[in-house]
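In the two complexes below, subunit A is the common chain; its partner is subunit B in one and subunit C in the other.
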Partner chain A sequence: MPIFPLKLTPPIATNSLKAAARFKTRLSETAVIRFLQTCAWISILTTIAIVVILGFESLVFFKGVPLLDFLTGRDWSPLIEPRSFGVLPLIAGTLVVSLGACAIAVPLGLASAIYLAEYASPKTRSLIKPTIELLAGIPSVVFGYFAITTVTPVLQFIFPTTEIFNAASASIVLGFMVLPMITSLCDDAIRATPRSLREGGFALAATKAEVSLDILLPASMSAIMASVILGFSRAIGETMAVALAAGSTPNLSLNPLTSMQTMTGYIVQVAMGDVPHGTIEYQSIFAVAGTLFVMTLSLNLLSQVVVRRFARQWE
Partner chain B sequence: MVIAAKNLTLAYGKNIIVKNLSLAVGPTTVTALIGPSGCGKSTLLRTFNRMNDFVPSFRMVSGNIHYRDLDVYSNQVDPVFVRRRIGMVFQKPNPFPSSIHKNITWGPRINGFQGDLDHLVESSLKRAALWDEVKDKLNSSGLALSGGQQQRLCIARAIAMDPDVILMDEPCSALDPASTARIEDLITELKDRFSMLIVTHNMQQASRISQNTAFMLNGELVEYGTTSQIFNAPAQRLTEDYIMGRFG
Partner chain C sequence: MTKDPTNNDPTNNDPANNDPTSNDPTNIYANGQAAREEGFTSSREIHLEASFLDNLARRRVQAKVFALAIQLATCMALLALGILVWRIGSQGLPYLNWNFITSFPSRKAERAGILSALVGSATIIFMTTIFAVILGVSTAVYLEEIASKNKFAKFLELNIANLSGVPSLVYGMLGLAVFVRIFDFGRSLLAASCTLALMVLPIIIIASREALRTVPPSTRLAAAALGATPWQTTYHHTLPAAMPGVLTGIILAISRALGEAAPLIIVGGVTYIAFLPTRLTDSFTTLPIQIFNWAGRPQEEFQSLAAAAIIVLVGLVLVTNGIAIFIRTKLENKNRW
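Here is the complex of A and B:
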């Protein structure tokens, strides 16, 4: 009876050592690598395809409407004669709604993050964190519906001039949609500051609040900035809630109690409407989408630059 | 006595780290705390200014600590006040990621300092022997300094609080010999003004800069006396063995 019934490596005669050591093409491994490679390329190719189509279709639009008129025009009425394709009212609507969202999400998110990172006991933390993440899982359309049925009536009660569709209600729900992301990123940023920094503060007879606000907050400022930029970028791209709550009246105005159309809102309206394909008004959604894409891409790149600066800080 | 610990037993959770230790430190002296790694030197040091309050598992099992006539761990005592009088310099330089100026002025400012901040910056940096090197770049970041300069900045920051006692936990262990020599000179110059307690693994350093030396082993105080007595005529065999490098 052999002691080891299974021989993992067959005995090798000395003269065949070289042969045994030679590289073998391992078929199964090659197949795995190819499969993984393909998967990675699918997302790259998809991105490229979207960019190409956006660019191509926008080009068709810009043959009819000069780029400069599009970017500087103050009147957006693509569906009603006389047509006009000045995108500024849509950009204004987008910015008002998104800045409003950030005005809510940034202070609230930062305060929650400081509380979570520095004050909450592990038990409280393990209760609050998942709850905040639950907020992130609520579908966009639910937020939009909530804006119309609950937020707007409250706003109308406080400010009677509030229109049924209004930018403020969109900002408010959008703020809560962006809140989990900002909270979580700021929490990570504050917790990433080294313990030695806190101890340095406490050793100088600082209270916890002084250490958190005066030392840790400035020390994680670049990561906080990056999270704010990402939150803003997310708000700009958000569609469903905003389309429902803010309405579809292009409006070059800063009054959040009136209806406004955002870039995403317009795209939904046309894409879902009965505008015939191939017409200039149909092409216009690609131009708007392209503009939106350039905006969010720049913001994401900007946040990466800021983050990279932050990563170097605690080496 | 400036600091007096009596029958101190300290623990993290169930692990007793310091056992029934008593130690008293007088005014304007440098006291070296020596002993092998893990014997509880840092734990003891951090207990003096209540820095261990931030370690959730830390427990003071028994004993008490007095800073002058103040019972440091009494319920009536604000730990923030204790840290105002008992400053600390850490093993790794830990300047704030802000200007040299702010590094110095922040502590005094939040503690109600009313005087001239620029003057405070200058005098603290001068006493920390750093002024000449940084006087033209007070607004640049403290992190942009060399390791030795950063540590002197941390000492300057501690001095700016005008404390009574400065605790230093291996302040030179991350530094090169030249920076170490500068900080040793600095400690010698500062001793007329402050009481200092310094943890060090460097026997030469202990003998150069301290007047008194305490030798700890496994959480117990084995021997405490003047530095010359400890190094030249230790009463305990263990002390002699440790100083001669026979263990640790």
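Here is the complex of A and C:
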């Protein structure tokens, strides 16, 4: 939209009432625009504050615990003596839970996106799409309740060695939390491909499945990749469901049937315990949150790069 | 030529009379015959045609399996939602009564209620919405109407896109450091509201910008031609026209804030509060925090209480959405071009 000049010109030297009124309007105009500008600055200040606070508290933490020990240590026991601050078990827990979630959300989300975009009739689509999006509106803590009361008993029935708190149940519910996002992003991407691609495929005697899988999927690959990265980043940052279902035992293992603590789970555990400000436990949650922030931010930036670099322009 | 292969005479299905030229796509000899009749002469062409038809049957089966598989996958997502709703309903409904809503939390399951959580959630949402709407809509207006093309706006846009991907928990850390400690609000309703407002800000900004963008430029040009200043144009014309879309963003923000627990736990939400807040600096609890606390306990009764509280929470989200959708449809019918 046109950019209006933001200049405050004083009234011409007349005593005319009109000019005075105009000056008044311009004055209030400037005030309003200054206010809007201030509001816009708040969101920039938020970013700066996040970086500064996480960075500052982490720096204090790294004075007590060397950065190398933090990043490569294989033992995380911050609350019990002897203390040890090796973040690898928390990262392992986070990755096991998030990768498990993606293993569920990506195939299911992609398949339902293809179904909604290519196969479903407009009527079915208008019914199913909002229903799947309902899943996205359900609070995280509700999924945590579901994992504990429903998914874990089923898992224990199938694998009797499953612990009460386990990474697998968290992965499963997290998968269904991430699914709507992947479905709707992929659905948009597939629907945005031009009709001529489909017609070309059918003219070469391809079946509908071949058109979907061999033509439309590669054509919308950039958006699909981006949605998968975003979903993964979302799963890493998810808190309440994981804190409820995955348990609070830092555990450097790959067995999803055991209790594992994620980075977010640790932060919640410490925050619930009302740790006084200034202690090393208090600083440790900032260090863990900083690690989390760096991970999600780089994944989000990566997804933006993927979209920009590999996106195809359909004429 | 012994027989026309396209002849599908229904009387000719005697198995003894089943000569190799019948219309079976998997029969290479028959397909070769068909190919010869269509003008293919070399044996290589006949072979290709035959293998195409041979593959076709397999590919059609694959296509059917694929269609079935993706329908099944879609059903899985719906099924998950179904089981979730059924599970919550069957476990929570028996515990949902007036006493549950008007009682304070208690160590005894049969006397526990959600009154303080409900009031806490309502207060926090009310203030969050006020803060976030003022800041969010103003930012969107500034970006879209006042400074749409300068470098600051581009930087701001990138910044907002990144903020929307920051995990909610990190906003909690921000709230803890800035509002609880530096501004010294304490672990209070006010600190919680400010934290949530910052968290939902990107949602409102992005939705409002989209809405403002859909208002036709002619509206602004007409206002400008009549001598209206940018803010007069925005306030009297552009913003009212974009209101339905702005409202959608606000609803999304409210339902997100209603269900969010992680940042509030970090800012200092308590799970046991047996009084109603009277000042903004009082400590707080909210519905999701209460649910988190109950669901994490091993006793079955408390998990049922969690289910009952979930019904109230989801009900609130649905009611908020319903009200906003109602207002939006009214506004949409009012201004059209």
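Quick note on the criterion: the second predicted complex is superposed on the first by the 273 of 315 C-alpha atoms of A that agree within 3 Å, B and C clash if a C-alpha of one lies under 4 Å from a C-alpha of the other, contacts with A are read in each partner's own complex, and residues count from 1 in each chain.
In this text, a contact is a pair of C-beta atoms (placed from the backbone, for glycine too) under 8 Å apart; a residue touches a chain by one contact, two chains touch by 3 or more.
It should be emphasised that the depicted structure is a prediction, and the values quoted were computed from it without experimental measurement.
**Q** So, A:Glu199: does it touch subunit B (first), subunit C (second), both, or neither?
**A** first
**Q** Now for A:Val294: first (subunit B), second (subunit C), both, or neither, which partner does it touch?
**A** After superposing on A, A:Val294 lies clear of both subunit B and subunit C.
**Q** Of subunit B and subunit C, which one contacts the greater number of residues in subunit A?
**A** Comparing touch counts on subunit A for subunit B and subunit C gives C.
**Q** According to the stated criteria, A:Ile215 is in contact with first (subunit B), second (subunit C), both, or neither; which is it?
**A** first
**Q** With both complexes superposed on chain A, which partner does A:Glu238 reach: first (subunit B), second (subunit C), both or neither?
**A** second
**Q** Considering only touches as defined above, state whether A:Thr207 meets subunit B (first), subunit C (second), both or neither.
**A** After superposing on A, A:Thr207 lies in contact with both subunit B and subunit C.
**Q** Both subunit B and subunit C contact which residues of subunit A?
**A** Overlap of subunit B and subunit C footprints on subunit A: residues 205, 207, 210.
**Q** Flag every residue of subunit B that touches subunit A in the complex, lowest number first.
**A** By the definition above, subunit B touches subunit A via 49, 51, 54, 80-81, 83-84, 87-88, 90, 92, 94-98, 106-107, 110-111, 143, 154, 157-158, 161.
**Q** Quick one: in the complex, what on subunit A touches subunit B?
**A** Subunit A residues touching subunit B: 194, 196-207, 210, 214-215, 218-219, 313.
**Q** Given the complex with subunit A, which residues does subunit C contribute to the contact?
**A** Residues 56, 59-60, 62-63, 66-67, 69-71, 73-74, 76-78, 80-81, 83-84, 87-88, 91, 134-135, 138-139, 141-150, 155-156, 159-163, 165-174, 176-178, 181, 198, 201-202, 205, 217, 220-221, 224, 229-232, 255, 258-262, 265-266, 268, 288, 291-292, 295-296, 303, 306-307, 310, 313-314, 317.
**Q** For subunit A, which residues count as touching subunit C in their complex?
**A** 1-4, 6, 25-26, 28-29, 32-33, 35-37, 39-40, 42-44, 46-47, 49-50, 53-54, 57, 107-108, 111-112, 114-116, 119, 128, 131-132, 134-135, 137-142, 144-146, 148-150, 176, 179-180, 183, 205, 207-210, 212-213, 230, 233, 236-240, 243-244, 264, 267-268, 271-272, 274, 277, 285-286, 289, 292-293, 296-297, 300-301, 304
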